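In the two assemblies presented below, chain A is common to both, partnered first by chain B and then by chain C.
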Partner chain A sequence: MLDVLLNPMVLPVTIPVIAGFLCLLLPKALDRVRGFVAVVAAALTLVAVWPVFRGGNQVADLAGWVSLRIDGLSAFVLLATAVFGLLITVYSVGFMKGKARLREYYAYVLWTLGASLGAVMANDLVLLLILWGFLGITLYLLIGIAGPDAADAAKKSFIIIGGSDCILMLGVVLVWVKTGSTRMDGPAMALGSRVAYVAFLSFVAAAFAKAGAMPLHSWVPDCGEKAPVPVAALLPASLDKLLGIYLLVRVVVDLFTLDGLMKGLLMLIGAVTVLFAVMMALVQHDMKRLLSYHAVSQVGYMVLGIASGTAVGIAGGLFHMLNNAIYKSALFLCAGAVEKQTGTTDLDRLGGLGKAMPLTFAAFVVAALSISGIPPLNGFASKWMVYQGIIEGGRGGRLWVIWLVAAMLGSALTLASFVKVLHAAFLRKASPDVARKNVREVGFTMWLPTTILAATCVAFGVLVHHLPLPYLIRPAIGASVDFTGVWGAGPATVMLLAGIALGLVLYFLTSARKVRTCQPYIGGEVMSEPYIQGVARGPSRDVEVTGVDFYQTIQDLPLIHKMYDLAAKKVFDIYDVGRGTAMYFIEALRKAHAGLLPVYLTWVMAGLLVILYMLMRLWG
Partner chain B sequence: MYYGDIIVQYLVFPGMLFTAVVGLVTSWIDRKVTARVQMRVGPPFLQPFYDIVKYMIKETTVPAGAPAWLFLSAPLIGLAAVSAASTILWRALMVPSETFAGDLIVLIYLLTMPALAVILGSFASCNPLASVGGSREMKLVMGYELPFVLAALVPVIHAQSIRMGDILSASPAVAAPSGVLALLVAMLCMQAKLTLVPFDAPEAETELTGGAYIEYSGPPLGLFKLTRAMMLFTMPMFLVALYCGGIRFGTGWLDIVLGILKYVGLVVVIVLIRNTAPRMRIDQAVKFFWGPVTVVALAAVVLAFMGW
Partner chain C sequence: MIPLFVAIPLGMAFIIPMVSRKLTRAPDVLGNATMVCLTALALASIGRTGIYHMGGWETPIGIDLRLDGLSVLLLIAVNVVGLAATLFSVDYMRLYTSKFRYYSLFLFMVAGMNGVVLTGDMFNLFVFMEIASISSYALVAFGCEHEELEAAFKYTVLGSVASTFVLLAIAFMYGMTGTLNMAHVATKIASEGMSTPLMFALSLFLCGFGLKAALVPFHAWLPDAHPAAPAPISAMLSGVLIKAIGVYVLARLLFNVFGITDNLLQLLRWAGVLSMVVGGLLAIGQWDIKRLFAYSSISQVGYIVLGLGLGTPLGLVGGLYHLVNHSIFKSLLFLNAGAVEYATGERDMRKLGGLNKVMPLTGGTSLVGSMAIAGIPPFNGFWSKLIIVLACVQSGHYALAVTAVVMSLVTLSFQLKVQRYVFFGSVRAGLDRLQQIPGLMAAPMLILAVLCVGMAFLIITGMDTPLLIAPAADALAGGFFTL
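Let's turn to the complex of A and B:
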């Protein structure tokens, strides 16, 4: 037993699980140590992952279906998971300080980390299924930590994720029936038969629910808004994306061989996810909820890349997954810093944070430009590979134009929604709430992870051919694959940097060297002193653009308006639609349960007859 | 050596300096024609150059309460991006065989960045009028980006390649009906990208007193104006390259003159539209781009697939 637990491949799972128990058992008096223990455990996990990452392809058959495997893909996802686990644990120490239920929090976080690492290494569908289910439970518990407010969000997440686990189970059973094995390193299954399609779609559904693609996305915004920020950054923004997309790639590349029909379906889901989620993000008033919709929208790009079936597309999808985890956790952690300092993430009650929290602001700007795909940041590099994948994969067909336009328009709309956040939270004048609180920058355990992540956005974009591609992405999809359509980040970066440098020189040579500060000019209107300081009460006379009415003109457009109306009625939320449908049948069934013994006996007899008939048909 | 070459090309020819000079000359044409339309004499040839120099010696002010670093660096982003776009475009025009795959997408992205620079700058101005201007600019970008991308894909479908070099070597898209439609769509989008009348709601002098630029003065404002002049050169040139076969070098002076004529033709259309149309409200503009313009762009794409 012990040598199994200490097996180098099992160690990344053992360490966080045991440390989780330790965090749970530490007495309350040692609350200060708890965070430290968690950080050390997460760091040790990363140390344990490193040799596995470097170790190349290996399989460890431990007992029965407990079989682990490392190949390029899982090694890459394994490392990414461990790194994000560590960063978010560090951040948690600052954010969760003084909050209730710390012992459970750290235990669940560490268990999530352990189970995720295990799921990535699983070489048997049964093992994968068990760990997948376990992750659903820890997700439920982690969201619930935020208190009674989050109970609904936790339940919704649990039902969607749990439901998709059941579907995954169906897929596993079908694969077992069809091939007689649940091992994942067997030959890929050909699509074509009905059973194979159902099995394929079951796996895809599980991957989509985890990653948050439409139509199984609706738990992500609720979770992002209600759960504690590090949880939102840890799960929907990074770990669950890594796992969901990992499973999708495994399914599309290793377990099945994709055919044209399924490819088209996946592309369609990807394109719809990109556009719909970003349209929803545009009109959100809450920073965390807005970010969560982007967490959904970005999955669309990954799906588009992976479903293209081309090497550059799959590489782009994986790279985008990694980049998304980087900038999305940076954005969530910035939102957390804002919440910590101001007490709210409501865009209408924020403002003026650009000066009050310069480091958080700078990190947010970089991450926001990155997610919007502005060259030369990392988001552009991976989106560009996805575009290449769409074009190459669509050769000969015609639908690629739709996918490409959806992806590129999605990019512009992403930029638009982040412009709104930048304006409403950071750049417009301080709201009364913010001005009264005299907001300052957060402590270093909170700004350090965000700035590291933002710096990584720049590094992965500028040095795309030197850092992420050769060391992470190429090994992940097999070193033999060569893809041509990779954007030459070097020359363009040099150009942009040279341009900005020249501009700075120009500033230095001219009067911009010493600037004079003056009051804003509002077309002759006079700003009252309290207005300038941002403490004016009541309606002001000015034409302030707030987070609410920023895209009102867009919202009021004829067809768009209808879509938002439907969305407000939750027509696109599978949870509410499913609940409505279920209630309809429950009502019908309820009528059958009249509480009369003769009625029940009749039902029992009828059931017996049906079973008898079935058995006779089977034997006859 | 490799990067040294790139920097020289970027800063001098065909990048920043060249684009700035031609852009300022084009802005002189714009001002002169506008003046003639309005029965005025118009500025002397060197006036745009005098203006830029004068901006450089004026005082720089920063509005109170704004993050100065973002306020001052916003103009640099736009300038750097338009110069990079021009460099990539002209390298493709001069040596079509040496372009890289997918440079068209890079160009579309780079040509959006000047708008982003204006938006960031206006939001960093801490001024409600600038905020209105910036938000309008963003909505305008959302509006024209959809038809613009669709229209830009028409030559891609014709040439069956997303490489600028292949598009330039193939027969011009405008020879086919789909290419004509796409060019019309792209010209409307170009007008909006340049925020010229009827799509000048973000600046709207009579209403927002300059909107996005209201707080800018001195060198930063000069750089914004320079960026606009450079866009006035790069955007029509991009359309000439995409739809009209570009400028062919090395096949005699007649082809070069022909290329310049195509460019001047587009500029004249821009100037005429801007002098004869009234300003659209921002919601009208977005509705216009997402409605009729997108329908026409879609029609062009369908026609292109049918081989027309």
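Let's turn to the complex of A and C:
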């Protein structure tokens, strides 16, 4: 037993799990140490992951069916998971200071880390299923920690995640019976039969629920809004995305051989996810909820890349997953910093934070540009690969144009929604709430992770051909990646910088001194008289320009208006649709159970008659 | 050793009322001591088989008690859950009066169940079944309030219908085969085949024991009776009674006495799926915790019967394993509900909330129970559901596998409803200063929660299947009883 636990491949699981118990058992007097223990454990886990990452392909059959495997893909995801685990633990120390239930919090975070690492290494479907299910429980408990308000979000998340776990069970069982083995390194299963399709879709459903792709996405915004920020950053934005996409790649590449029908379906889901979620993000007023919708939208790109089935597409999907985890956790952690300092993430009540929190602001800008796919940041680099994947994978068909347009349009809308956040939270005048609070920058345990992440965004973008691609992505897919369109990040960066410099020079030389005065206007509309007078009288709630209002006009556009109405009615939320359907049947059943004994006796007699009929007729 | 399972509780059921006039602690002490003895006996009987001839009379004349793998499995479930229930009762039953009557009835019920799972004689089975049933009618009515009495009345009427069917069926069977000994009947049927009157008897048996097992459409009494009873009795009724005098007897008769056929298996599968779906859906709509759990029992019995109805070795293992697991987590959940009711006086979920803060142990154990029943790994319910789904797929019943998986999702949603409204959320006014749950009520919950994990651990390491489940499945798969 002990030698199994100390096996180098098992250590990344053992360390956090044991440390989790330690955090749980430490007495209350040592609350300060708890965070330290967690950070040390997460760091040790990263140290333990390193040799596994460097060790190349290996399989460890530990005991019975417990089998672990490392190949390029899992090594890559493993390292990414461990790194994000560490970052978020460090951040938690600052964010969670003084909050209740730390004991459980650190235990669940560490267990989540351990189980995620285990799930990535699992070489056995049943082992994967167990760890997958266990992750659902820890997610549920972590959301629950946020307090009474989060109870509904916790329930909803776990019904979707746990439900997808049940469906994964079906997939595992189908594969098990059809191929006679639960090992994941066996031959891929061919699609074609109905059973194979069901099995494939079961796996995809589990991957989508975890990653937050439509239609199983609806837990992500709720969780992002209600859960403690590090949890939202840890789970839906990074770890769960890593795991979900990892499973998707495994399923598409290793477990099944994709056919045209399924490929089209996945592409469709990817495109719809990109567009729909970004449309939802546009109209959100809560920063965390807005970011969560982006967390959904970005999954669409990964799905598009992976479903293209081409090497460059899959590499792009994986790279985008990594990039998304980087900038999305940076964004969430910035949102957390804002929440910590101002007490709210409501865009209507923020503002002026650009000056008050310069480091957070800088990190947020970089991450926001990156998620919008602005070159030369990493988000552009991976989206570029995904686009190529879509084009290359779509050769011979016509549909690829649709997917490509959807992906690019999504990118533009992403930028639009981040302009809104940047304005409302950072650039505009401080709202009365913020002005009253005298907001300052957060402590270093909180700004350090965000700035590191932002710096990584830049580094991975500028040095794309030198750092991430050769060391992380190429080994992960194990095949050479051919680029049809070449993107020279280095020269392009130089050109970009030169362009900006030129612009600045021109600006200072020509127009800087010529200032034109005019009526204040926003979004092309001149502001009304009370506003102008109000501004003169000093800041107040009535006369703020939050920058959020402009996006209301989008909501009122004819066709789009309908879509938002339906979304408000939760027609796109599988959770509510499922509940509504179930309630319909339940009402009918409840009417039948009115508590009348004669009715019940009638059922008994009817049952007897049916049994009699069946037995007599079938054997008689 | 075999007759002790019946003799000890039966004897104690008479002794307790006699001594407790003078000694007020006697019912608690004697009741628990009895269950400890029985649990020890049940554990000691693992791996044993044997036939005991009552009074030394040889088989055709006397009554046999047969101990085999299946009986051992049921004995362990009945007596372990029974012990947890009596431990819980020590403090919980202070809410009611006349404890000695309670323990006496309780032990009658246990004696009846132990007798049913051991006996090898049809009429003897009827008698034991009636002992268990009638004491359970009385226990459901134990609170003597309007709700309890109404529930007990319905339960008694439908239970009596079941008993009448069974008695009638036994009469037909005796008339056709001239014997009441199960092994003799089985030999006769094996050699001469079925006849129309025997077929009629079989239908009556299916209907009668289907009523006792609360399979849809014979389930209507259960959602009234199980919530009305005191919590430890609900745990016994839902946890073991419906299985010992319902599912067990059905399986015994179909597999070992009448001989299983494809059509009968199909009937079992239909009843299983119907119960699974109807019970599960109805559970979502409930707001009374215990009523919700009661409906979920119907659904879970459906899983067990579905597993048995597959008829394959794996299906039998899955069904029986789920039977044991369900008795553990469902009794745990009912004890949790009892603890909540004890502390707050409330069963309506809309009036509860935030109890995790006030009752962490109850909240924690109920989370374990909920996860286990919903089939979330790594708890025991996951493994039995996995085996059942695997068996469904293996035998080519894809639709059944899908239904089982979907109902698992449904189970998860109503269990999370309980968690959400009772244990999560904000603490309701007036619930923040509750009295602590006494240690003797906490202990059985803790034990059962540990068992939820323990049973899973045992199957992962491959220990309890050969020890408990496989012999039970072999007993069913072995076909007709032999002398």
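To be clear about the criterion, the second predicted complex is superposed on the first by the 535 of 620 C-alpha atoms of A that agree within 3 Å, B and C clash if a C-alpha of one lies under 4 Å from a C-alpha of the other, contacts with A are read in each partner's own complex, and residues count from 1 in each chain.
Assume a residue touches a chain if its C-beta (ideal position, glycine included) is under 8 Å from a C-beta of that chain, and two chains touch if they have at least 3 such contacts.
None of the values given here were measured: they were computed from a predicted structure.
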{"item": "First, second, both or neither for A:429, with chain B first and chain C second", "value": "first"}
{"item": "Touched partner set for A:590, first chain B, second chain C, both or neither", "value": "second"}
{"item": "Chain B versus chain C as contact partner of A:566, first or second or both or neither", "value": "neither"}
{"item": "Which superposed partner A:616 touches (first chain B, second chain C, both, neither)", "value": "second"}
{"item": "Touching partner for A:261 - first (chain B), second (chain C), both, neither", "value": "neither"}
{"item": "Which partner reaches more residues of chain A (counting touched residues only), chain B or chain C", "value": "B"}
{"item": "First (chain B), second (chain C), both or neither touched by A:64", "value": "second"}
{"item": "First, second, both or neither for A:388, with chain B first and chain C second", "value": "first"}
{"item": "Touching partner for A:604 - first (chain B), second (chain C), both, neither", "value": "second"}
{"item": "Interface residues of chain A shared between complexes with chain B and chain C", "value": "none"}
{"item": "Sites on chain C touched by chain A in the complex", "value": "153-154, 157-158, 161, 165, 194, 196, 199-200, 202-204, 206-207, 210-211, 217-218, 220-221, 223-224, 261, 263, 267, 278, 281-282, 284-285, 353-354, 371, 374-378, 382, 385-386, 389-390, 393-394, 398, 401-402, 405-406, 408-410, 412-413, 416-417, 419-420, 424-427, 462"}
{"item": "Of all residues in chain B, those that touch chain A in their complex", "value": "3, 6-7, 10-11, 15-16, 56-68, 70, 72-73, 75-77, 79-81, 83-84, 87-88, 100-102, 105-106, 108-110, 112-113, 116, 119-120, 123-132, 134-135, 138-139, 141-142, 145-146, 149-150, 153, 157, 162, 208-209, 214-215, 218-220, 223, 282-283, 286-287, 290, 301, 305"}
{"item": "Of chain A, residues touching chain C in the complex", "value": "64, 126, 129-134, 136-137, 144, 148, 151-152, 154-155, 158-159, 162-163, 165-167, 169-170, 173-174, 176-177, 195, 198, 579, 582-583, 585-587, 589-590, 593, 595, 597, 599-601, 603-604, 606-608, 611-612, 614-616, 618-620"}
{"item": "List of chain A residues in touch with chain B within their complex", "value": "352, 354-355, 358, 361, 365, 373-375, 380, 384, 387-388, 391, 398, 401, 404-405, 408-409, 412-413, 415-416, 419-420, 422-423, 427-430, 484-485, 487-488, 490-492, 494-500, 502-504, 506-507, 510-512, 514-523, 532, 542-545, 550-551, 553-554, 556-558"}
